[in-house]
Amino acid sequence: MSVIVDLSIFPMDKQGTGLSPYVARVLDVIGQSGLDHRLGPMGTAIEGEWEEVMQVVDRCYRALEEDCGRIYLSLKADIRRDRTNGLDGKVASVREKCV
Amino acid sequence: MSVIVDLSIFPMDKQGTGLSPYVARVLDVIGQSGLDHRLGPMGTAIEGEWEEVMQVVDRCYRALEEDCGRIYLSLKADIRRDRTNGLDGKVASVREKCV
Amino acid sequence: MSVIVDLSIFPMDKQGTGLSPYVARVLDVIGQSGLDHRLGPMGTAIEGEWEEVMQVVDRCYRALEEDCGRIYLSLKADIRRDRTNGLDGKVASVREKCV
Amino acid sequence: MSVIVDLSIFPMDKQGTGLSPYVARVLDVIGQSGLDHRLGPMGTAIEGEWEEVMQVVDRCYRALEEDCGRIYLSLKADIRRDRTNGLDGKVASVREKCV
């Protein structure tokens, strides 16, 4: 199965410092995984097998857990048999059908 | 850390049969975990430690993967240090502040 | 169409005070709408027609906008033709199919 | 307030035909609004004032309602006072802090 996850995770107890340092830390973890991904304004899309993707989600959580007292995580996944190159493929498939 | 997850997971390729048999299958998996949970109209809230909750999410996925060709999963989590009895506690804390 | 929305909305710049006073303010707004709803640990489910439900979401936002500098909103909706009593009906339909 | 919404909306009763024609229809509606937006693999980010963005969400729903019997909508929003150019700004702010 090809799993595409859109992941947002951020601390809720760090308002003074802004969230981008924490999101950058999470993006570094995602980058180290080697999985194909796309950073967007509201979350990062990650593609891989189920175990791979969930392992990255776990590492993202652990990267924040150490110094954050409250964390919010939002995740949606589209899981499909026999799909390849889903990150670019889904976008291209929509664009070619637009007026 | 106390993790409260709200989980929705359903097949996208079973429109003819309705979704409730699949949601029931997922709820049975959640019930077997022994974790405290609340079924709602749009998802099921589950409380536990991070590893426990993510293991249940994994089992829910696997319970659908076997016979579903496309699956949608939506999850949000509120993760907080030093919280106990979060499922009832959060609701009670809101209700006591209502007018 | 019967619209069931699961709504979470909270300030991101009020960490010191806790979120429950703001969630209570939102729940009061939802209650004043007269629409059927269920408060849960991770959000509130609201049922109505599209215009009714979106008007309540608008009012919830405005109730926080006045004194919150940053707000997070998460919403999912299941919209279905010819459904009645969806809040209890969906839960009952799942429960009767559990083992 | 600058509102950035991530919107996913798709029919749940059209499995045979694939979802991309419906997502393309929604993207056309978003494009006609003139609001700044970014199509991603799991949703479309849209930036504007609250009323503008919610009006686009309303139009997207109406574009599907006419011929879809069941619709799923997922939306998250980050709403912030005194932000400009949020779609590119949020991504740039994260990237410059990555290792």
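In order of appearance the chains are A, B, C and D, and numbering begins at 1 in each one.
Following the convention adopted for this analysis, a residue touches a chain if its C-beta (ideal position, glycine included) is under 8 Å from a C-beta of that chain, and two chains touch if they have at least 3 such contacts.
Keep in mind it's a predicted model, so treat the numbers as computed, not measured.
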item: Most remote chain, CA-based centroid, reference being subunit B; value: D
item: Contact-richer chain pair [B-D vs B-C]; value: B-C
item: Gap in Å, rounded to a whole number, between the CA centres of subunit D and subunit B; value: 25
item: Euclidean distance of C-alpha centroids - subunit A vs subunit B, Å; value: 20
item: Separation of mean Cα positions, subunit C and subunit B [Å, integer]; value: 17
item: Per-residue multi-chain contacts in subunit A, two or more chains; value: 70, 72, 74, 76, 78
item: Subunit A-touching residues of subunit C, taken from the complex the two chains share; value: 12-13, 15, 70, 72, 74
item: Subunit A contact footprint on subunit D (complex, rising order); value: 4-6, 8, 18, 20-21, 23-24, 27-28, 31, 38-43, 45, 47, 74, 76, 78, 86-88, 90-91, 93-95, 97-99
item: Subunit C - residues contacting subunit D, complex; value: 1, 50, 54, 57-58, 61, 65, 69-81
